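What follows is a set of structures to go through.
Each of the next two complexes has subunit A plus one more chain, namely subunit B in the first and subunit C in the second.
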Partner chain A sequence: MATVTLNQAQKTYPNGFKAIHGIDLKIEDGEFTVLVGPSGCGKSTLLRMIAGLESISDGEISIDDKVVNKIAPADRDIAMVFQNYALYPHMNNYDNMAYGLKNRGYSKAEIDTKVREAARILQLDDHLERKPRQLSGGQRQRVAMGRAIVREPKVFLFDEPLSNLDAKLRVDMRLEIKNLQQRLGITSVYVTHDQVEAMTLADRLIVMNGGIAEQIGSPIDIYEKPASQFVAGFIGSPAMNFLKGKVSDDKKHVTFGDGVMLDLDYDVEAGREVTVGIRPEHLDLLQDGEGRINAPVRMVESLGAETLVYLDFGANADNVTLRLQGTHQFAKGDQLSLSVPANKIHLFDIDSGKRL
Partner chain B sequence: MYQSKWRIFTNHTILVLGALFMILPVWIAFASSTHTREYVFQNGLQFWPGGEFFSNYGAILFDAEATKGRVTALEMLFNSMVLGLGFAIGKVIISMMAAYAIVYFRFKLAVPLFWIIFSTLLLPLEVRIVPSYEVVADLGLLNSYTGLILPLIASATGTFFFRQFYRSVPDELLEAARLDGAGPIRFFIDILVPLSVTMIAAIFIIMFVVGWNQYLWPLLMTTDDQLYTIVIGIKQVYNSLYEGGQIPQFPKAFALTIMATIPPVLVVVIFQRMFVKGLVETEK
Partner chain C sequence: MKRVQFEHSAVPYLFIAPQILIISIFFLWPAAQALYQSFLLEDAFGLSSQFVWFRNFEDVLSSSSWTRSAIFTVVFSVLVSVLSIAISLFLAVRADEVIRGAKTYKTLLMWGYAIAPPVAGLLGNMMFNPLMGDLYKAFNSFGFEFNHIQNANDAAFVVILIAVWKQVSVNFIFFLSGLQGIPKSVQEAATLDCKSPERRFWTITFPLLAPTTFFLLVINLTYAFFETFGIIDVSTKGAPGGSTATLVYKVYVDGFLGADMGGSAAQSVLLMIMVSVLTVFQFRFIERKVHY
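Entry: the complex of A and B
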């Protein structure tokens, strides 16, 4: 049980590259925090700084109010699960889980109790005598989690643990991790580039970009009120549509190039150029001619439960996606008539990308 | 892959001929070593074994007179074994530790140091044998096992191979071990050494054979017969073949040669299995 506090934590590599530009964060006891962002955004670096595998260039990281900057990884009372599992290939699964306990001087009997308990929780009882290579990817990942659990650490760190698994297994393991974390109530930090994992697992989500935290909040807050165009584009699948627009003189509408006009529920100065963000699921399909927006179909992807329609918006946007429930039959070139509720429109500054 | 009967036949013929070509001289040496010296002297090399196996090999192994020196073949085999094992084990240990330091510890000059070690590959023993001799002589180590083994124990080849292997071990293993509370020594012993078993077997095979076959160095280092290795012993026996006006000791010379080849062959056969097994089973 522990809190993790980051106080202006920074990381500068010896070659001068600044990977983390000072992050403030307080992770509450038992909270599941997810760091999400594209590759190279510094999320893994930040996790490794908490783990102690990367030094902290400036600022402080504390676990339970104790500054850990100078404390060795083994003494921080944390456990980490790696993307490639990092199991010791020459040891059987029992020894893999027991190794950390052995090094900490636990007695054989204690080790045995703890390992068997972890194996029971993770349904690995039958596999303890086997070597990691004799297990499937999912089982290996469970052994890696077992290795973390037996230590009963204050903090769990996950570094993209599901990236090496196939799609179905990833969903199963995701649920299992969430379940396990809730049952054990251990403070967890989880790094992923997969926004579905991020949305489903997180109590609190941290969207990172270029070494800074773009937004910190609950998954739903971030989905509903993205703080920037980057966050808006990163969270949500398919990604949010962005169009160039202009706020009308009466401030009640936003207009696009050829006279399309949408209702607006925003307090923005009249005549301002803006980036308009609309999520694919918030575009409503109406009867012919009833909607404010009319656009031809470029391509259709049927997924069964839903249909993704790509629309041609000409010069106003690169690509606009429409997400519809169920199956729909459209041909290329069909004109669709659409509208968007005023409260589902997001406006961003055209230069800074910040939410208006 | 489908192969026609013809092709299989041709391939096997070539392989069998090649194998015979390699084995025949050894076989002839062995067959000739089981006859009396008079018989070999009169009739030349023999293709079929004779009845003197036990007496010839017994004499070589246990009777110093038969090897024309003051040591028996058994003692020479023992010396060779000490040299071969000391040489191979020493090289494995030293080069593993050197590579560990180079790969896992960040210290100044690690890279230049590695290249200095590596460049010593360009200096074979023969080039530096006089200064090496001088150093060993000054240390008073002539005519000792230490003097035989120690100066040869550093290995650029071994260090290089282990370095390449360590670099292929995923960093996450080191990180996981650090989180598991393993210090540098624990990590080396618990993780790295078990993972290197195949490399150790490979380097051990190569180095044992190289050590066993050392000729020039033991010849310089040892003036005392008691420290002669079997390779020197063979030379000595052949040298004295025509001395003294007696009938040459061909069978015993052959017997000594055959015995000298057995231990390296055994090492290769035994460790190669382990080597191949390790290659198949290891997964990093």
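Entry: the complex of A and C
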């Protein structure tokens, strides 16, 4: 199969804007890599550079140890699934899938076998004679996937393929994509801004911000040890709580403005000002008065399986989100008593945002 | 399609009344008059007339000058339409690819749109003037014995050149907007599926532009039939010897200059029938094939 290697890949637009600031990455054979980040972080640009739809300003991109910087998109042996499907509206679904094969000189019989096989896998058998506009969004996205599968490329590229689908369909298709990729074992690069998609699909996750890769690692590694405040805030939903704190003189605690103190399991110099990160699901609700943190309820959101509680914390009434399993009845102003295990506290540098 | 129902109300008729009024005054009434007049034989001063049934039509259809003009009109219309569509499609595709200075290119290519046909005819007239016309001199200096005043083919070339030049900008605007209406991702998907740009154009871009092309074909044939009147009147006036007179121009020459009202009316009725048949044909047989 194939590996994809990025060696200081950079993208600078003619107007001087630098979209990608040099990224090093090696995607292993059969690996499902997800690029995630907020809009404008350069994740789509990077994907399009691999596809050949954007030129590479500096550095190298190789597929299977062959530098592809100057190779035409059609010759890179990649297939791409677009956000808005990008099907050819004047062709029926069969021809949509067959088009890439026809142009590569396959015989009619071969094309027919491949297209029918892909249609069978994607349950499109009954829709091959129809035009794309006669299909629903989910079916269209399947045709787009079929168009990618029939080519049996070295690399699959996905550019936010599920963004145009409704919530339920998105979950179904997500599972289908994962399933398909594991079955076919094709190296894949997937771009999304949805962190749930990113966490569930990825063998390896790349969190991007402002044209650089903030962190590369397995989804769980990134969740448990975010390399920066940005990554910590982006991965996990609801987002991690950030509070300003100070490391105590004995280095065993972190203190907040109004005397609240939490246990610390960190090797940091005493007296240092830090940003403290606590995930909403790591705050434990205790009996009244037993916890280290006491804060009044501002708002409650009940989701059935879980309850999100928004609290006013400390003298500045900073927002702290608490995530509880099951349903809970709280009124605005109720005082809750909370604690956090020392190993669930993350510390970040106040200026650089880097993990300490 | 959802339909709004007005139950036996006068409102919808009120809304289309202005359009009906305009069509009645400027099309239905004159058309009816032309039809009536085509059955009459009038004296040169319009003082007396007599009903002659189809004699005017018989005269027109048996006259060699009308047949020649009809053939010229068909050749002229097909050439003008095909050439101006082909050239403007080429220009639009190229202009769509331009990145630096794209606006300037597009503006310059659209400029011709602002020029009225008689003015285009006048420009052509000056460029082909035997005494001072640059194009006239250029052609002759290359060794062609170019003389549109005496040679019917050369004259036809001049009229076609002006008519095409005038129409290219109109078609260009439609093609450009048609091209911009093709989603970028569809074109990108095509670059991944097909390496050759030419093949991509004929298998993806051109089929997606087919509705635009069809629309322009209808518009351009109508243009070549009718609107080129101004160009012909200013440049060749049908010369030499009526060889560059389209049917519309001949209607004018025979009716208003030749004072043969009945014959001229019969010609215009024939023209009307021809255009109707052509339009029905286009919509019945071509339109179905171009929409996706």
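Going forward, the second predicted complex is superposed on the first by the 351 of 356 C-alpha atoms of A that agree within 3 Å, B and C clash if a C-alpha of one lies under 4 Å from a C-alpha of the other, contacts with A are read in each partner's own complex, and residues count from 1 in each chain.
Here is the rule we go by: a contact is a pair of C-beta atoms (placed from the backbone, for glycine too) under 8 Å apart; a residue touches a chain by one contact, two chains touch by 3 or more.
Keep in mind the model is a prediction, meaning the values are calculated, not measured.
Engineer: Please determine, from the superposition on subunit A, whether subunit B and subunit C clash or fit.
Structural biologist: clash
Engineer: Applying the document's definition of touch, where does A:P73 land relative to subunit B and subunit C: first, second, both, or neither?
Structural biologist: After superposition on chain A, A:P73 lies in contact with both partners, subunit B and subunit C.
Engineer: Touching A:A86, do we find subunit B (first), subunit C (second), both, or neither?
Structural biologist: So A:A86 meets both subunit B and subunit C here.
Engineer: Would you check which partner chain A:V196 touches, where first means subunit B only, second means subunit C only, and both and neither mean what they say?
Structural biologist: After superposing on A, A:V196 lies clear of both subunit B and subunit C.
Engineer: Just to be sure I read the superposition right, which of the two partners does A:L308 touch: subunit B = first, subunit C = second, or both, or neither?
Structural biologist: A:L308: touches no partner chain.
Engineer: Which partner does A:V297 contact after superposing on A: first (subunit B), second (subunit C), both, neither?
Structural biologist: A:V297 contacts neither subunit B nor subunit C.
Engineer: Considering only the touch criterion stated at the top, classify A:A51 as touching first (subunit B), second (subunit C), both, or neither.
Structural biologist: both
Engineer: Would you tell me the residues on subunit A in contact with subunit B in one complex that are also in contact with subunit C in the other?
Structural biologist: Touching subunit B and subunit C on subunit A: residues 51-53, 72-74, 78-80, 82-84, 86-90, 99-100, 103, 147.
Engineer: Over in the complex, which subunit C residues touch subunit A? Could you list them?
Structural biologist: Within the complex, subunit C touches subunit A at residues 183, 185-186, 188-196, 199, 203-204, 207-208, 210, 292.
Engineer: In the complex formed with subunit A, which residues of subunit B make contact?
Structural biologist: Counting only subunit B, the residues touching subunit A are 170, 172-173, 175-182, 186, 190-191, 194-195, 197, 282-284.
Engineer: Show me the residue ranges of subunit A that touch subunit C in the complex, using the header's touch definition.
Structural biologist: Where subunit A meets subunit C, its residues are 51-53, 72-75, 78-80, 82-84, 86-90, 99-100, 103, 131, 147.
Engineer: Tell me, which parts of subunit A touch subunit B in their complex?
Structural biologist: 51-53, 72-74, 78-80, 82-84, 86-91, 99-100, 103-104, 133, 147
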